[in-house]
């Protein structure tokens, strides 16, 4: 089976003129057709850059240093401008964090859908598909008149309008209230499932992602440090960082227990990491962790970028 | 009782003259924070919890109802409360004046009271887990977690008896969030302040609060001990909130 | 209803502004050194003549009484009589309005038709930003009277086919409009560039790019409309500026417009004319701003006056 | 035609007494102008056509279009197209007949005017002696400044339909010259008395043109007065006058052919228009002159000490003011305007013969070695240039001058608005008129009350002035005028500086113009009835 | 800084300031002295020609730069100070105070700039003070509006709320928190106001209300130069070039400053 999406050794740097930041430091990711995968990471882990890179949506200050992205068999970074536009139009869908801001504030919802659909589509059916009540009324509304949940459904309808092969959802519920989150996620996943669209869901919430996705990839310091079936990654983390992340969520702690936070703070890389980016915060760090870039280790069902992955799992 | 809100209603007026619209941000809210306790206030956006925090801090006068601090009604002038209550606010990026050195930010509540105590600033910075040398830095040189630690140091430097945390950890990364939550708990044990902890994140509140109050549409729909609330929520809305957790 | 109330509010605030303008202009005119007597009657005038003139125009009363009378008259639509021509100020201004009006209108049109595309181009083609900045800087740095004098000189000496002075018909306004719009073009271009650049980083533009839309499609359907808001807002300011700038162009090209008329009236202490002229300019400015609010409301429903409170 | 025919014999007579006015001849448009002229009209050109003229300023005063109350030359110039006087002046300031065909002067205090019998107002009504008498009586009863210049008129009486008598209380030599200016014009008294014409709002005269339309500060359209008395005149069918405040605009109109004739203000117009083909620039001398006012009336005046004023007078380099500020086109003058018959020679005045050392000595004696004062000027060119040269002159003797430049209205307010006036020193110019004695009156503040705010009267000077105006033209009068010059020079409260040039430009392919070499009433259009239009 | 244009602008401004300083000590001679024939083309003793009074253009241009630069800088500093106070107070206090201040600003705004300048000149009497006041009044409305807009944003920041909670008094909040944080907006606007100031000064001189003779300013020189454009082109060339370069440089530096304070281009995808 050929993968729908393949990211190989992707390194991306931002250069603001004064400061260089290496957002991706050799990231690898494979997504099969029909798969739903959650990419979990804290801010600065590189997950958003990875999501943007898939659609070649990096700003002009971003510079791809190494690596490649294949989407549906095409090398994303080698396509001519028209080619990448066609690829985005036909294969990709994006849903962003702030749903209201991602809609043109000066245009009615129906018109915006119509622009995407062209002459053939019927906006109302698309609004109906994302389970918006009274699509006719919604179509006549302006984005600022929508609630966050409604706006995100509209954004989803637009993203899914052309039946993309892959939907990239970048923290789609971060700006929404708790109960609405579930409803929106429900719609996202079911609409994608109906269309046979793969989902890459970027999030900082390991638990939430694990609940919905079949696979979870954990990012840290610009690399995917652990990748495996959701239940396993959450239940039996192979990478010390994943474990620490899971532990630090207050919701996971039992009442009265003290949280065991990860000491220190996430790194901001200026250049390729010499060793493991998590080394300074890692309770299991050894001498080589600072010097050698960890290789991929297969541990049980997971793949992990950790020198000691195998021994630590065995030990536990 | 350190703080009591007694049947507080806050009504905002909006729109042109002659045809003002009245929006009830709080409707008959009664809450109290006891000595040494942390009250967690949860609710979705627009539920009125931010208005509640502003009322508690004396930044917003209630349209109706009474507020008592340490058993006495709020003084006419907000300044008389200076040093007795402080707040740690939401956004780490905006919580500190970007044009002020960290030390000056921490010292500000003291300066307002006419006190000068560089030692206390340095001591406070160390208490929140920062090096004293950070006092000469500017906020943009600090990480989000460090900034929120500075905010906590600033809030505690006058040793207030009451603190409001308004979404104080919501914008932090998960791994850093835990550090700050632990810090707050440690400091509360050490300084013995009471706190109103406002958050939309039930997980966080569960960890930090002794009691929980749930707001919806400007009203308090349920108040309960943390343990009781999380195991047996009484209100239908509370149940739905917990499902989403 | 809501709309009516909104307009009522705006009308009240516009009236307040106009009242402020009227007080300021009235005070300024009367604070000017060189009384009407020496100025209008000349040094040879006798005391009797001065007294007679003061009496005729009520200038012997206290300033407050004068202001009260004037305001009452203005409220009736009577702006007084020019001390020089002895004609009603209204008819004098009315006769000169077409020149200044057309001049300003043409200049705004030119500024929009040239400046907006220029701004969009320089915003999108960021690599040429330096050229755009230089061009727009040049527009701001050449004073109207220099450019105007140069154009007048060249076109009159070398008979380049366009009238370079005087007002016969609309053709007479071609060169003045071009000169006047020179500054406005660069300001418009720069504002458009800023606005477009601001819109280009909006999430909905990113979303459109992510959908695979082409740059020109995005500009046409999303950017222009949203970037229009600051540009339209600017146009009111620019029009007001051009009304002021028009006077220099009117001088250089010898056009019988309002600008040069009011300045001449200042020079002669022809109080009624100065007061009416400035009040007219202020009214135009305020009305323009009202129009801009209306247009902006049509463009951006969030700022609109019609859909307030229709939140679902 | 009329002017030149009469001018020739008179010119010869005047040349004897006139120092420099009539000697200039210049070559314009290929033809040599006659003595007393800088340009003469080409008689061979056919009549007809409408001439386009541009002027910098319109008639603009609260007194409206009433010629009797007009007190500035720019108004006289425009009004002269419509209004006429009993007599007029020739190229050398000799008085010539106009509405009066002839006059007698049976005694020094009596003038008898024989009116022409073919004069009509442009409404078709014939002019009568009643119009003349009424006009003069109206003038005498008015508050016009010209009432003073007209002299001690005792009575104006109608002798018969064609004869008018004027009696003076005492002899007054400038009487005819004063009568030759627009404020003394003959008005349609019948219509005025019937109130069918308001002369403040309309112009109705006997002149070569009548007003077809007027837009204040924009334009005038003059049409031909079909019943004009002078045969064949006006040669033009009409004159369109455009008001163009900016010099550049008038220059442009000349270059583009939009205007055929224009008056210019810049003394360098000739070199600036050198490259424009077909544009001829004429420099006309005038009797108008710049003068410096030193305020002696303000309390604590820096000029109370005559030695200080004298020192300033000495330090002023009138030749440099003329050559630098006026491009060499003005001439140093005493209080009697250089260019007028009988005027004194400024080079012979005490201040001209003393040197800088003398000035410094005077200042030292007066204890004013570090004198600093403010010179208030209006911004109209070339006044700022004159002021800056004055500043440089006075710096040579250690006086610091601060220049304060303002618009004319503010300047007028400062200089004439209060008694005593508050300024230190001020710069202005007077029209020099057509008789050497006329302008000297303004040096007596009891007569020229507008000067009272900054000038105290000097009885010796006042009596010298009074004496000069009474004496008939001749050596005695010349000597008396010279004495006035000297007294003014020594009094030095108002210091005459240099005459003010006037520039007239025209298109050689569109117009043929006539222009006196020297003008007394600031009227560049004096000969317009004879101007011709060339068709390109 | 990678931006060559901004750097070039700064170099130009630096040079102009140096020339202005040099003129203070009359490095190239007395600007008022009559040194040669009138309207003489460049030659020994007057390397940039002479003007209509026979004064050397070189020292006059240098003096003109100094005058104009000083005048517009002082004026713009006054504007900045007034706008800062008005804008911050209006933005922070809101309500009636805001309404009053903004109405006042609106009144000034609705006066045509040149008419405003002329009235000021007429009231104050012409001279540096009038020019200064005119520039201030012409530039104040826009700057106050923008400062207010910025202040409204800053007033909502958490650190301001924290200061209020700590009991800080108004002067402290305005001075320590709002002012430093709207300073960027003010700095950017100052550069634009500077170029407006120079233009207003030029316009006033054109109408005869500007600085007093014999003092030279760029406005005065350009106005005279324009008059003598054909007879003595050197009278307009020097001042004209300096004027264009100065305004251009100020604008370019202003753009550069703004791009620094509000970088946006970097994130654009189109």
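Brief remarks follow.
We just call them A, B, C, D and E in the order they show up, numbering each chain from 1.
Rule of thumb we're sticking to: contacts are C-beta pairs under 8 Å (C-beta built on N, C-alpha and C of every residue); 3 or more make two chains touch, one makes a residue touch a chain.
Each chain and its UniProt protein: A = Oligopeptide ABC transporter ATP-binding protein OppD; B = ABC transporter domain-containing protein; C, E = ABC transporter permease; D = ABC transporter substrate-binding protein.
Quick caveat, the model's predicted, so the values are computed rather than measured.
The chain with its CA mean position farthest from that of chain A is D. Of all chains, the one whose mean C-alpha position sits at the greatest distance from that of chain B is D. If you average the Cα atoms of chain A and of chain B, the two centres end up 32 Å apart.
If you average the CA atoms of chain B and of chain E, the two centres end up 46 Å from each other.
Between the Cα centres of chain A and chain C there is a gap of 52 Å.
Chain A and chain D have CA centres that are 91 Å apart. Counting partner chains per residue, chain A has residues 57, 60 touching two or more of them. Under the contact definition stated at the top, not a single residue of chain B touches 2 or more other chains. Residue positions 32-34, 126, 149, 153, 206, 209, 266 of chain C are each in touch with at least two other chains. Contact residues of chain C toward chain A in the complex are 126, 202-204, 206-214, 221-222, 225-226, 299-302, 307, 310-312. Those residues of chain A lying in contact with chain C across their complex are 55, 57, 60, 84-90, 92-94, 96, 98, 101-107, 115-116, 137, 141-142, 144-147, 150, 155, 158-159.
Note for the complex: chain D touches chain E at residues 247-248, 266, 268, 271-275, 320, 324-325, 327, 379-380, 384-385, 387-389, 391-392, 402-407, 409-410.
The touching residues of chain C, when paired with chain D in their complex, are 32-46, 48-49, 53, 82-87, 92, 95, 149, 152-153, 155-157, 159, 163-166, 251-254, 256, 260-261, 264, 266-269. In the complex of the two chains, the chain B residues touching chain E come out as 57, 59, 78-79, 81-83, 85-87, 89-91, 94-100, 105, 108-109, 112-113, 151, 154-155, 158.
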